[in-house]
Amino acid sequence: MNRRLVLMLCVLALAALPAFNALPADHPLHVPDFLVSVVGKWICYAILALAIDLAWGYAGILSLGHGAFFALGGYAIGMHLMRLIGPRGVYGHPVLPDFMVFLGYTELPWYWLGFDWFAFAFLMALVVPGLLALVVGWLAFRSRITGVYLSIITQAMTYALMLAFFRNDMGFGGNNGFTDFKELLGMPLNTGATRAVLFYASLVTLVLVFWGCAHLTQTKLGRVLTAIRDAESRTRFLGYNVTRHKLFVFVLSAMIAGLAGALYVPQVGIINPSEFSPGNSIEAVVWVAFGGRGTLVGAVLGAFSVNALKTWLTSVAPDLWLIVLGLLFVIVTLLLPKGLIGLLRRRGS
Amino acid sequence: MPWLIPRGLAAALALLLFLSAPARAQEYEALLPGLAGGFAQQAETVERLGLLGDPRAIPLLQAMADARLLRLADGSLAPQQGATPPEGATLIRINNRVRGALRGALGRLQLVSPDPAERSRAAEGILRNRSAADIPLIEAALAREAQPPIRARLELALGGARLASEDVAVRREGIAALGASASPEARGQLLAARAANAELLPDIEAAIAAIDRRLQLRRAAETVFQGLSLGSVLLLAALGLAITFGVMGVINMAHGEFVMLGAYTTVVVQELCRGIPELAPWSLPLAVPAAFLVTAAIGAAMERGLIRHLYGRPLETLLLTFGVGMILQQVVRLAFGAQNREVISPDWMMGTLLLPGGVAVTQNRLWIILFALAVLLACFAAIRLTRFGLEMRAVVQNRRIAATMGIRTGRVDAMTFAFGSGLAGLAGVALSQIDNVSPNLGTGYIIDSFMVVVFGGVGSLMGTLIGAFSLGLLNKVLEPYAGVVLAKVAVLVGIMLFIQRRPKGLFALKGRAADQ
Amino acid sequence: MREPSHSVTRRGLLAAPLAAGLTAPLAAPALGQQAPIRVGVLHSLSGTMAISETALRDTVLMMVEAQNAQGGLLGRRLEAVVVDPASNWPLFAEKARELLQLSRVDVTFGCWTSVSRKSVLPVFEELNGLLFYPVQYEGEEESRNIFYTGAAPNQQAIPAVEYLLGADGGEAKRIALLGTDYVYPRTTNRILRGFLNSKGIADADILEEYTPFGHSDWQGIVARVKRFAGEGKKTAIVSTINGDANVPFYRELGNQGIRAEDIPCVAFSVGEEELAGIDTRPLVGHLAAWNYFMSVQSPANTEFLTMWRNYIRNPRRVTNDPMEATLIGFKMWAQAVTAARGTGVDAVREALYGQKVAAPSGYEVEMHRNHHLSKPVMIGEIRADGQFDIVSRTPTAIVAENWSPFIPENANRRR
Amino acid sequence: MTSQGLYVDGVTVTFDGFRALNNLSLLVEPGELRAVIGPNGAGKTTMMDVITGKTRPDTGIVRFAARDLTKLDEAAIATLGIGRKFQKPTVFDALTVFENLELALKAPRGPIACLRWVLSGVARARIEATMEQIGLAARREDLAGLLSHGQRQWLEIGMLLMQEPELLLVDEPVAGMTDHETEQTAALLRGIAGTRSVVVVEHDLEFVRALDCRVTVLHEGSVLSEGSITHVQADPRVIEVYLGR
């Protein structure tokens, strides 16, 4: 009740950011665009953290490849944004994006069809990560690959995807990926108003996903997942088809990650294969561990605090930030097994 | 410089062979200034000096090729003696064109040198001249040559020279000689000769086909070597993991950074040895124990200080070691700079070795394969034959019982982890010979190493061995068809599917013990 | 060993809102006449690109220090603001926005990879910032907010290949184009293919191979090039291999016995800095094409080298082309600010056009209205000591063609 | 054979050359209570593993309710009506007593069904009744991790009951229980048998005697002897195995 109040206040505080941004630049309460876009990015990261926490904190599936689902969601929207550039590209081709023009494509590859509709692209941002999770998850869970093995397999998955997407021949722009976006749903992307809209869209999504996850963990499914996390074999002898339950939550989690990626790309204005890099996925897991896994608030808190720290440190201590952040991870895993949230709760009680 | 005696002898021989008239001595003097001219003039002068056959040119041309030829203040030319050139002297610069001419000319001039290494180089040089003028020269050299590898090269050179002859019969002989080889250069020469030899076309085609048959076999052998080489790199990178992950169950994400530290230890040892001329050639062998000890010590410290507190929580260990990896990387970057560090390869590790059948293998990779196998054997020995190995196996199988029998399990844990880390350091020494020594060195290998361990079967050194080599081979066999990236992706997907069939890897422990 | 001007920067940013919390807005102090001029430095100090970019950070800091020693600009001190975008492309955009909006920098020196430049470009255009980009690149771009001080393809790639085809270069008849799979090699090789075709070299005599970033196992590809070269025509390699992958590539080249006399390899991304990590003895004679080499003999270069050695205090650290391009950019900007009597972006932009600098390369380079420099092209052969012997250079500086005539689509380009 | 009971015939299981089960055959009628005894390593637990699908036999037939169990996984076998209690009590420590029982309650097991699951009054009443039966009603909101060893055993038996299985496999149910609790457990199991089959694996011969049922003695993976407890105890082969050779 008290906690709910705190949460609502946090959401309100976040929601106020773009409003303060709209104030004149010399107003004492003015918030610079930078902060709005950076916090918008963190919100997307928080959604990704929720996705990871749902799979790891509740069902015990530690995926080190969630960055791949995030990136796939981003690529789906990125393709839509590329299609919207239309003839405004450098080469003025009516259909093909610039990178295809200079790579000598004569027509749009088949897998680009349909992406000129926002609804289709948005759907794909959910469906493609979901399908990948379904296939990989089915293969892994069916043969009872768990724990560390699963982590390594998912890491290999994102690594393989990174290598593949780096190839220019894939038709996804290779290393440069997609940039130079112009508009989304009729709004030009480089205005404060659009930034505010995207910010609110992300915030609303975060709240909805948070609420959905909170609800899910309260249902019997949530309890089954906890049971699987703690004693998988026992759950099986109770008659639960563990493979199916894990698959369900893994696919759901991948789709949430894809959603986060879809919101992220229009805000940062670029998507490229390095989003698939295994380091990114591990980092996202670290946010969750840092904030406190197994609690949704912890995941969100972790995503915000680690990224805020990173943004700050990369400017204040460009040479030392990796060391500081690394030390922090070591200390948290060693001394705060329940993460920041565990520390806060201990303080509170 | 031990120039004089053997070279003098060679010079005398050459003089006997080619110097027919004293007038040539004058021509020699007249040519010399051309060596200091523009590149085109230099190349022409070098060529003419080679044809002239005056042995006095040898030291000058050699110095020129080694970028040691000086033009002194008085305009005369002399090789540089000592570290710094004398006052007023300028170094004579050359380019590739001149360098090529130099090799050919030196080939002509040194073909009768008493030093086999020099003759071998000369044969290599004359091989590329492809001039009919060389035919008598090569024939004379062949007549007195006893060493088979040099003879083979000379025969090839003779074939090439004959191919350039005016006489059709001689050319036919040349084609036959080239066709008897398994040399890509000979094949190239034949291909190039097709246009000018319409009447000999059937001979040429037959010769090319014969070479192709031999080359095909050789190519297969080379692919196998490449696969083994990649496999040995994977093996080295994965062995440490096979210990820390396979035996102890610790996921060390900083494993790549230990490899990197091993490579940096190599750099440091090399720097230390640089001051001591007797040690300098041995810096790499010296780096092997040094890297092992350094990384093992850091590993032991990390185990005692951090990892020990997290046993039984593998996923937390993963995150912790990820943090440690970040720190190590940045500390090295601050201490050594972000730039690549140079590691000098000892001479015995450079160049190519020709195996029987003409299969060319690069020396450094051959050494790394041998090194990897030696490290693996040492691992087997350490685990099977030493007290430490026995205690380690005991602790792995049943910690409590081992403890009750008086084994200090904490110490064994530390030593096991140190051992695994030390192995990573050894991998670093080897990788410093083929890859960048930069703070990012380790990141490229971590995933591949995990895949090898998982594929081979956790906890089995044999599995790691087979896993590493089969992945290496598979990669190299697929590479020509699928390209580098897709081959790698295909192998990764293949492993994922394989793990699905055999979740415990190739060499899995079975039965009840495996369920825990 | 680390540079002193850093601490100033940190204090300035400690006051940034992030320290105070997420929502605290920044009350930006009004920049008075005495406030320092801020110079943003946007180079990766960690991650994969740190290897190349840290030296550029040092170069900018060196220039700032030197300018301050001369009394700053317009009577104002210069202050460098260093951030670490960590080789992460979205982070580049974020940091660019931070530099422009929070730190209010007047100019930024930064980026190495094309993708990082593409990532920050919209930010600089939206906020009307000023970026100097110091690395040779594929062209096909022109932003009014970016000044490109590195080479366009016609200032590096084409002269280098021309050299290979000429008598001094060995009259190559077949070309192997090896590159890392990203946009710079792809575009450059496309331009080169067009150029080679125009010189009568057929597609059958061109081999094009791409490898991923950081590729370390070159056995197969080098063997394939050897085979390609063994077809009876003089062959040369044109390498657009990037960064880390070069060391293992050159090692393999040396070990497989590919000598420069037989198959010369000319590289566009290998300079003194990259060679510092390689034992160059087996590589003598292989080539690189740049607009500057450390071995250039010129008064401006002597000054540059002295300044660099005094600053970095390590006699073994080298200079290279992107560092020279950074230096040129900085000098031009300083001249333009003086000419414009202010740091306003629009005024400085106008003042930059036509600015001339006596570059360390020994030539006078000029900023043109296409935002690119005219630059000399030099071909260097690798020496055993890791430096280059300059074997060919253009008589004058060449004007950049950032829109290559060898890319037919450029005809339809929107202007 | 019978269409409803458990039918095991000629089952062999080997681990790395070691024969854990050797041509084992067993028949349990519907409603029968059966005790299985045998020395360590006789194959008792492996037999349970084979029946519940944890281990696949190399050869042999395992059938229950006319279904071939060797083709099914653990979950499907459990859904078919075979419940298992482990030797070491395994309950879900992070869930409350009530939630543990709720999870075991016979109900649709799919993820969507679980997501939409609403506890009905009837189900709640059943859980309440079972909590009374196993004496844990007072601790309904406590986490199972906080229970004592005996309480965990009872909770697990409770969970087994919630599953409403046709066949119960019970592995050493009275380990760590007081005499009184042991008696109660025996009575409980006897009560359950009759409506469903129960197979009890046990060391404690007193307890087996209290069960008063047919006894199967396993040795080296196959059946050594079968019959009433008195019959079995008189069997010279059993005596030899138990008292040493």
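Each chain gets a letter, A, B, C and D, in the order it is written, and its residues are counted from 1.
The rule is short, and it goes like this: a contact is a pair of C-beta atoms (placed from the backbone, for glycine too) under 8 Å apart; a residue touches a chain by one contact, two chains touch by 3 or more.
Every value quoted in this text rests on a predicted model; they were computed, and no experiment measured them.
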**Fill in**
If chain centres are mean C-alpha positions, then the most distant from subunit B is chain D
**More contacts between chains, A-B or A-D** = A-B
**Message:** Based only on mean CA positions, could you tell me how far subunit A sits from subunit B in angstrom?
**Reply:** 43
**Asked** If you average the CA atoms of subunit B and of subunit C, how many Å lie between those two points?
**Response** 31
**Asked** Using mean CA coordinates as chain centres, what's the subunit B-subunit D distance in Å?
**Response** 64
**Junction residues of subunit C - those touching two or more other chains** = 45-46, 181, 210, 212
**Prompt:** Could you say which residues in subunit B touch two or more other chains, in rising order?
**Reply:** 329-330, 485, 488
**Message:** Which residues of subunit C touch subunit A once you look at their complex with the stated criterion?
**Reply:** 2, 10, 13-14, 16-19, 22-23, 25-27, 45-46, 81-91, 93-95, 97-98, 100-103, 113-115, 118-119, 121-123, 125-126, 140-141, 181-183, 186-187, 190, 210, 212-213, 407, 409-410, 412-414
**Complete:** Given the complex, residues on subunit A that touch subunit C span 13-14, 16-17, 20, 28-35, 37-39, 41, 88-93, 99, 101-104, 163, 166-168, 174-177, 179-181, 189-190, 268-270, 272, 274-275, 304, 308, 311-312, 314-319, 321-322
**Request:** Write out the stretch or stretches of subunit B touching subunit C in their complex.
**Result:** 39-40, 67, 93, 95-97, 99-100, 103, 128, 184-185, 187-193, 222-223, 226, 229-230, 233, 329-330, 333, 337-345, 350-352, 360, 362-365, 433-440, 444, 476, 479-480, 483-485, 488
**Asked** Hey, which residues of subunit D end up touching subunit A in the complex?
**Response** 52, 54, 73-76, 78-79, 83-84, 86, 90-95, 99, 102-104, 109-112, 114-117, 159, 163
**Request:** Please name which positions on subunit A make contact with subunit B in the complex.
**Result:** 62, 136, 139-140, 142-145, 147-149, 151-153, 155-157, 159-160, 163-164, 166-167, 278-279, 282, 285-286, 289, 319-320, 322-323, 325-330, 333-334, 337
